[in-house]
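Okay, got some structures for you below.
Two complexes, one shared chain (chain A), two partners (chain B, chain C).
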Partner chain A sequence: MPVTLVKERYSSKVGEVVLGATPEQGGTRTATVTVGGDSALPFLHFEGQTINRPVIAMEVTDVVPTWSDIITKQIGDVINDPAAWAKKCVDEFGADLIYLKFNGADPEGENRSPEDCARIVKEVLAAVGVPLVVEGCDDSAKNNEVITAIAEAATGENLLIGIAEQDNYKSIAAAAMVHKHTLIARSPLDINICKQLNILINEMGLPLNKIIIDPTVAGLGFGIEYVYSIMERARLGALANDKMLSMPIICTVGYEANRCKEAYASEEEFPGWGNLEDRGVLWEAVTASGVLQVGASILVMRNPAAVKLVQKNIADLMG
Partner chain B sequence: MALTGLEIYKQLPKKNCGECGVPTCLAFAMALASGKAALDACPYVTEAAREALDSASAPPIKAIKFGKDSVLGDETVLFRHDKTFYHPTTLLIYVSDTLSDEELSAKLQEIKGLEFERVGLQYTIDGVAIVNDSNDAARFAKVAATVAESTDISLLLLSDNPEAVKAALAPLVARKPLIGAATADNYEAMVNLAKENSVPVIIKADGLDALNDLVEKAVALGYKEFVLDPGSRKTVETLANLTHLRRLAIKKKFRPFGYPVIAFTSNTEPLEEIMEATVYVAKYASAVVLKTSVKAHVLPLMTLRQNIYTDPQKPIQVEPTLHSVGNVNENSPLYITTNFSLTYYSVEGEVETSKIPSYILPIDTDGTSVLTAYAAGKFEPEKIAEAMVACGIADKVKHRNVIIPGYVAVISGKLAEVSGWKVVVGPRESSGIVSFSKSLS
Partner chain C sequence: MLIFGERINGMFTDIGDALRNKDPKPLQYWAVKQEEGGAHYLDVNSGPAIPTEERVAAYEWMVNVIQEVSQLPLVLDSTNYNAIEAGLKVCKRPAIINSCPAEQVKIERVFPMAIQYNAGVIGLTMDKKGIPKDADNRVAFAMELVAAADEYGLPMEDLFIDPLILPVNVAQEHAPEVLESLRQVKMLANPAPRTVLGLSNVSQKSPDRNLINRTYLAMAIASGLDAAIMDANDDDLVDVAATCQILLNRSIYADSYLKVFRTR
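Then we have the complex of A and B:
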């Protein structure tokens, strides 16, 4: 006997956000990338459409990062040159976006100037045709200076810039508005702050389709279940027409997963955990898989081997 | 899951005879729904209705137990934040009976190694799925016996041939294996075999409609210890089927699907296989059969399983007693943190990396993080000072310095006053401990 399946009818869907701009749109990207737009829970194609598959942004830093050898050896010599590194990510590793992080701007570190950062953004823009995600350093005052300079230098490119936080969002939101970029709104694993921050930014005049949520992910084994449930609730909220939770979500998977000891500790040190090479790849890839199941739209990743696995997983899930 | 009065009313004879002691059938239905009456009071209710109403009061997904403490099913929600997921996905390693004796022995060695310890938790593999790929009943029985001898974990005996399952099962009945699969072609023999030996059986059909039909036929044989396999082997189809089965069981109380579900991976590349399995662990599979048994592959999957099945209302905690990292001595520094497992192990990991033998004292904050505990008044100076006295740290070190998390710097004055120790404010994030520790000496 045929079974009557339960198909949910949702009143709304996740908002669509376009990243990048082609020459006709005032930018220089070869194509734009659209994220969001889902009208059902992730990958449930029987009751709604997943118009845009989740995309992967690969991380490129302005200074040589102190990542595990397993990752840096795959990147190779280009690790000294952000533009060449970004190009390799797109051409060889199949990155949909480049995530450019200016650790070198940190006043505690190299204290790179905003002009210098803007120059590097221009170089990366010239090297690749995909849209860019750009974040400054962890010092919020300096981050504002750096991002303001970058936003101005890349006017019209529709970068995805970050990070706006609850106690520091005004100058970066203004930079996004004036120079026509899209903004990352980050909240510390708290759906109420997430929603509140979106309201505050929207009240400044930035449209909802220019905002991307960063819920602050946690790595596998270190609290991923918290962000898992927060994202699941945000998706259910978006489908139930909560406009302030309807933005697509970005997850900094590479940063969080590779902070976990399981992703970098050697087999000699922890024989019980097995071979590091596969373990490190899976630690990042499984973290990504976890957030994909609850609606991540943009995954920021590091390990090229993990990127490849996640690309396959997304292809399997898109059917 | 309790039924509403209207749902019960539909099953009643609608005679309104009043013999049950209630004037109308609808009123009787309401009384049943609120538990004020028993169905036995109605002399006219049909057997079918009685069964429907009885089973409706059963849990939406039956608990199926097999092997060594494996429990499948018995779940009540679609989203873990609604309550919690109760029974972590049972992970079984696929062992084909086409393996040579040497290969089998190597595989069993590898399976035995699948025990892990991380952040104070133990993970172990749950079982082995012995699969009759050889189509040879004698070989199947022999491999099953060899596996059973080598390990005490749960067993799944998988063959389309009921005779092969019978041969393998006979000496292993005491281990209570899960058997399968009952299909449209063999279900009578397979289900009866399960019934005679009181073991659960997998019901496998191609698609949900066929599965529904087969479950009904199998139930008609008078047995209900089932695990379902909707037959799909592609990731996206299995995800859809797992979702449909869980939804129908919970939201519609659809009895034919009120059983746990088993999923089989199809990706042959081991890392891709693990990615596929993560989807099934997150989305409702009660058991997953995996081909890879490499430590580095299984650990990440088991970690995700543990995370997803953590009760959202009960944070995992560590013992709020004095812990030591490395070979501590009388000069070892003392770190204060909370007994929230994630917080504690973040600190412990960094302290370990610093290579300086140290004491860590997690304060009992009911498993909340530093700032949560502080905001809730569970990380007060008096409480910390008491814990310091209770753990006897004063006799273990000759210094009188205590390091507190940077986020609660505000309590340092008061803590110094009540404890008599010098309070050192540490970094805000545990990631700063390594560089901080260098400044200690």
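Then we have the complex of A and C:
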């Protein structure tokens, strides 16, 4: 009896989003990066196309981060200099994008000025040719100020800027529209809010192919299954022609995975967990590999050793 | 849930006059207006306005003038299959043939035509003797139509079974039988055929037509209805269709779901 390969026929696909802009397009990037466009479940090449492979954005912060030594020692001296750090991520670690996070803008920290942040963005733009993802600090009022200044200073570069949230999206969406950038729309592990936020942003006039979904990923062992099922549902929605859920997804894997105790607690403290060096790398790599299976398009990562593993995983899955 | 806009029908005076005078404006007006209301397809019916010998030319003209202003696919509604074929020849997007009863002679005419023009078929659960009273006989006719789809190679999701709703004021006992038919039709094949109703029939000559239409629409969708030929400009009715999508978890909830349903 012959076996017929069962192939699902989907009526639609994930939208494609272009990040960055070359000189001909009004920016200064050496090449743009396109994400999304899948017409099937992740990596099911036999029933649809995965036109663009998932990409990795490596995290660079404007102030020296308080990350685990296991990560910082791989980054080395450049950790004091965002431009040099970004360059190392691209040249040595093979990052597709640079994710620039302005923790230093936080009013409760260094309270760095918006102008100062914009200057650093310019320096990083000069140092690398890949597109940038830029997020401010976790104080939403200050974030709006910082991102507005950066959006203006980098007009035409088509940065991916964040964060737009349901109760705070208007000023940042306006900045994205006026200065031709792409926007991250974040929802708190809630597909209904995710969809509604996309509708609200789109109603302001930002096209659907200028929006990236951030579903608020969780680290392995700390609720990853919630975001896993939400991402799966969003992908199925996109394939069934739900345009308001058809944007590519960004996952801040590095931040979430490295918050987990398993990623930084020593072997002396927890002998049963084994060697920290391996565990730290794997905690981030497995978190990333998990969300790849439900359609992550952009992985934001920190640990260069984990990046290397996930790059190999993506290459294998792309066949 | 697919909405087939019912308004371009020669039974309505403005469309009947337009057909007689070869005036495209009323057809084009309703094409655009129904699309704005939420229609996914436009039903096209010349009604009795055009003499039989002119129907072929009339359908070709209707399809062409509607396609000048609307991207929506069409449902070609006639008992004259030569007229339907003339329309299919000029359709730019895959259309649906409305309709074919469970009669061998008509199946032999309609199903090959559907395959040839990549069209869907609305199959009526009736034969020469008329509309059956109970669900069992409706489902038996549906099974004949499902077998015909299989025989001619029509994809099951391109077959729309219409279990034929009748006016509740004169044929009240049919309404629950139609709901039961919808449930059973969904179990006839895998994938199942789709289902459709000429919704407005249920309220013919009753008061409060809109209330009857929207109540029955919700009941029918819950029983397995996939499409309805209906008033796409009855906002409350379209709201019911949108809300059913949400309550049956067919579309992901968002606060603006009513708006999303209308803007694809």
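Note that the second predicted complex is superposed on the first by the 318 of 319 C-alpha atoms of A that agree within 3 Å, B and C clash if a C-alpha of one lies under 4 Å from a C-alpha of the other, contacts with A are read in each partner's own complex, and residues count from 1 in each chain.
Everything that follows uses one rule, which is that a residue touches a chain if its C-beta (ideal position, glycine included) is under 8 Å from a C-beta of that chain, and two chains touch if they have at least 3 such contacts.
Given the structure is predicted, the values throughout are model-derived calculations rather than measurements.
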| item | value |
| --- | --- |
| Superposition on chain A - do chain B and chain C clash or fit | fit |
| Touched partner set for A:A31, first chain B, second chain C, both or neither | neither |
| Touching partner for A:V286 - first (chain B), second (chain C), both, neither | first |
| Which superposed partner A:L5 touches (first chain B, second chain C, both, neither) | first |
| Partner chain(s) touched by A:A141 [first = chain B, second = chain C, both, neither] | neither |
| Touched partner set for A:V310, first chain B, second chain C, both or neither | first |
| First, second, both or neither for A:A126, with chain B first and chain C second | neither |
| Which of chain B and chain C A:K261 touches, first, second, both or neither | first |
| Which superposed partner A:M204 touches (first chain B, second chain C, both, neither) | neither |
| Partner chain(s) touched by A:N192 [first = chain B, second = chain C, both, neither] | second |
| Shortest CA-CA distance in Å separating chain B from chain C in the superposed model | 6 |
| Chain A positions touched by chain B in one structure and by chain C in the second | 233 |
| Partner chain A, residues of chain B touching it in the complex | 79-81, 115-119, 208-209, 212-213, 216, 234-237, 239-240, 243-244, 247-248, 251-252, 254, 257, 267, 270-272, 274-276, 278-279, 282-283, 294-297, 299-301, 303-304, 306-308, 310, 312, 342, 345-346, 349, 431 |
| Residues on chain C engaged by chain A in the complex (per definition of touch) | 251-256, 259-260, 264 |
| In the complex with chain B, residue positions of chain A that touch it | 1-3, 5-6, 41, 43-46, 220-225, 228-229, 232-233, 236, 259, 261-262, 272-279, 281-283, 285-286, 289-290, 293, 309-310, 312-313, 316-319 |
| Chain C-touching residues of chain A, taken from the complex the two chains share | 191-192, 195-196, 199-200, 233-234, 237, 241-245 |
